[in-house]
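One chain, subunit A, appears in both complexes that follow, with subunit B as partner in the first and subunit C in the second.
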Partner chain A sequence: MTDVQTVAGTSLDQAKLALLLALADDELVIGHRHSHWTGVAPQIEEDLAFSSIAQDEIGHAVVWYTIAADTASGSGRAEGASLDALGLGRPMEGYRNAILVERENRDWAFTIARQYLYDTADDVRLEALAGSSWLAVADATGALRREERYHLLHAHAWVDRLADGPVEARRKLGDGLVAAFGEALGLFEPLPGEEELVAEGILPAPHAELLQRWLDLVAADLSRVGLERVLEEGAVAGEGEMVATSSGEMAPAEVILAGPHVTRRGDQWVPVGEFRGRGGRHGIHSEDFPAVWEEMTGTYRAHPGARW
Partner chain B sequence: MSYEARTRAFKARIDGGERIEATDWMPDEYRHAALAFIEMHANSEIMGALPEREWIARAPSLRRKLSLTSKVQDEVGHGHMLYRVAEDLGKPREKMIDDLIHGRTKFHNVFHYPTETWGDIAVIGYLIDGAALVTQRALLECSYAPYVRVLKRICAEESLHQRHGEDIVLELCAGSDAQREMFQDAVNRWWRPVMHFFGPPSKPDRDVLLHWGLKTRTNEQLRQQFLSTYVPKLWDLGIDVPDPDLAYDEATGEWAWGDPGWEEFWRVVKGDGPMTETRLAWRRWMSEGHGWVRDTLAAPARTAA
Partner chain C sequence: MRWEVLGRRTHDDAWTAVGAVHAPDRDLALLLAKESFFRHGEGVDLAVVLLADIHRFAEPELLEPSTDKSYRLQRGYPLGDKRRRAAERVQAAGATIDRPRPADRRARNTEHRSREAPSS
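The block that comes next holds the complex of A and B.
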């Protein structure tokens, strides 16, 4: 297989690839996790909804992989085989998804909390990329955002409904959001080569700025449904839960991603401090990732060169 | 008019080719038979999602991962539509799902078996969806109109599934030796359950579903139709069908087939298949853990604080 990550190129080429893999791998892995609800969701209607969302997300991953493969080969439309090599053929540390998306589904409350936090973050990111100087990327955002609109409606409907009670539902949603919030910040971990991407207008705003935009949206939503405790508790819990140890021996302790905190300053919630260490954007994953990787890529890897 | 006279008149409507609507008067015997039949069909769509969903996560390519997710979603959607038809016959959906996961009602025999390789996905998509299509197309002649309306849509989607299954089969058979063996091995393991799919040959005059026009073909008629369609296709692909007695009799125009072990069939449909308890236990566990979600949806909505 051609490993696009080792294809020689300028540092800008490498940074562009890092951007696409972050986008694609987030979508693939969250789609993979969502698809685990197919057949077993708490309600048949939700079974159908999560299957749809999973298909959209995996489809979006294919869009980003296609641009990545075209860029790496320097030629026309990538075909299935090279997309599968990208999507299913990389070693564990080659995946650049944020840790949040690889976490187990746990229960319905965590699933909804994560879907909400992820899809709002994805929306902020896509909105920014709509203005990218890289036209292939800017063009792709239109179709993706049309589908993502339904994901946002789904997430908001559930957040509102669960926050509305009964007490148990509200408590579980709050706990799910607290558990997911710290790692959701990791969606905004700066990319390798980010400064160059920003300088070229490929990434129209640095991740630190996107993080603040997202935090404004989430803080407004949580305030509206009376769950601001998530921002207070989640920020603290976040740092503890940021511990990303095992992509096996690939992750020595000193490179683990941690921080920032969030705190209220006047009317606004703001991040405090920088990201320290490295996380998903550098191929450093949590203890939940080896099982995802094994399951998701095992059949593909067992039959090199086979067509399916 | 007495109950008996109304029942005779009802039966005459069916024998005359009329269709029954949910709002029509119907004898209890008809209502119970229709409900049990459609409920089992719905159960089977829901439980049928489980063996296939295991391979969504392990699909060998991105394209197959997407198409299998979509396909399994369709099956769950069929369950959704069928439960609504069944509900109109007088049993709430919650109760049907509760009965299913506690083993009080049945689901189709083929969904009690494990899916060991991607070859099993090929068999399910091609042979089992093929068998289901033979059965469901025949049910378009059913006497219960709401069921027929839903079946029209189901058959359209199942035709697509069957082509999806055929595509997977053709890719495996044209692939590496390992891929071809993967499919042959899956056919070997699944042939018996596939033969069981249509049920044992039954006595038409004692079949209550035939009596009420809920079914119009016998088990054996459907099995013969399936064999005529699929056995030549498997042979063309160079795949062995693991039944030494299987042969087409030109004189009678019928397939002869060997004993597929009916004791296994009876054991499985009574809820003692290789994966029955595992799958039901998991569904129960998922269901019990999410009672709070159902309670939330059932509670009257307040306005958010």
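The block that comes next holds the complex of A and C.
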């Protein structure tokens, strides 16, 4: 199997691949997690809507994997890197999704909280990538953002209504947001090679800047629904027990992604501190990842190279 | 709350009922209706209406015709015998019908019906 991540290439090639895998793996894994609600969502109409969102996200992953495969094979270094191999054929540490998206669904409130935080972040980065100097990437954002528009409407519809009560719904939503918030910051963990991507205009703004844009949006929403406690209580990124690789070794404590946290400065909530250690963008995952990786890639690994 | 879902397949089509969703308010009903009935490009327009806002005709039994109305319908005029007799006469005269049937019978019938509709 061709492992596009290990093929030799310029550092810019590697950085571009890191960007695409971060985008694609986030979508693939959260789509897979969302799909676990199929058949058991709170209501039949919501079951359809949420399953459809799950399929949308996996479709978005395919868009990014396609650009990755084209890029890799176009430059003659990853012949035959099929989409299946790229999407489903990598070992655990090859996945570059943020830890947030691999977390178990827990309950509906956590699921909605995560969907809201994630899709808001996805919209921020797609909006930025619309201005990318890499035209294949910039062109892809249009169609994706049209579907993301629905995802955002869906997330806001649920957040607004759960926040409105009754008391138990509001409490559960708040708890779900608190639980997801810290690791949502990890969506903005700088990519390997980020400086080069920014210098080339491929990533039009560094993740630190995207994080602030996201935080502005989230803070405004949470303030509107009276859930600012989420910002106050939200844990720092990288909380939780980490496992490192498919070889089963635990990640040493010093490499686990941590920080920043957020604080209020005047009217604005701002991140304080830098990311330390390494998280999903470097292939470091949580204890929730092996099970979802096993399930997601099991069929492919049992029949590698099969045509469907 | 139950909402009836309406859709239009193209901008030239009239609204048709496509199904129903349960939702606590209008906005959520619209959001859920989109994914329930319009996931595969089924239409260009979507609307919901609260079931309670649909006013039913109070005496549906009046919708059933109480006397024979077959004379208002094409099927009320059996043409089979007439056709058979005509065919026999054609055959007896040693003639054949050499012109094929018009190609698009369905379109012709539709046109015919819509022309007749107002008077029926």
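Here is the rule we go by: the second predicted complex is superposed on the first by the 287 of 308 C-alpha atoms of A that agree within 3 Å, B and C clash if a C-alpha of one lies under 4 Å from a C-alpha of the other, contacts with A are read in each partner's own complex, and residues count from 1 in each chain.
By definition in this document, a residue touches a chain if its C-beta (ideal position, glycine included) is under 8 Å from a C-beta of that chain, and two chains touch if they have at least 3 such contacts.
None of these values were measured; they are calculated from a predicted model.
With subunit A as the common reference for superposition, the partners subunit B and subunit C occupy compatible, non-clashing space. Look at A:108: by the touch rule set out above, it reaches subunit B but stays clear of subunit C.
In the superposed pair of complexes, A:168 makes contact with subunit B only, with no contact to subunit C.
Of the two partner chains placed around the shared chain by superposition, subunit B and subunit C are both touched by A:43. In the superposed model, A:139 makes contact with neither subunit B nor subunit C. Comparing subunit B with subunit C, more residues of subunit A are touched by B. Contacts of A:58 after superposition: subunit B is touched, whereas subunit C is not reached. Of the two partner chains placed by superposition, only subunit B is touched by A:298; subunit C is not.
In the superposition on chain A, A:225 makes contact with subunit B only, not with subunit C.
Of the two partner chains, neither subunit B nor subunit C is touched by A:195. Once chain A of one complex is fitted onto chain A of the other, the partner contacts of A:274 are absent, as it touches neither subunit B nor subunit C. Of all C-alpha pairs spanning subunit B and subunit C in the superposed arrangement, the closest lie 6 Å apart. Residues 43-45, 48, 52, 161 of subunit A lie at the contact with subunit B in one complex and at the contact with subunit C in the other. Subunit A meets subunit B in the complex at residues 28, 32, 35-36, 38-40, 42-45, 47-48, 51-52, 54-55, 58-59, 61-62, 65, 80, 83-84, 87-88, 107-108, 160-166, 168-169, 172, 224-226, 295-296, 298-300, 303, 305-308. Across the complex, subunit B meets subunit A through its residues 46, 49-50, 52-53, 56-66, 69-70, 72-73, 76-77, 79-80, 83, 118, 168, 171, 175-176, 178-179, 282-283, 286-287, 289-290, 292-297, 299, 301-305. Taken in their complex, subunit C has these residues touching subunit A: 21-24, 27-28, 31-36, 39. The residues of subunit A lying in touch with subunit C in their complex are 43-46, 48-49, 52-53, 150, 153-154, 157, 161.
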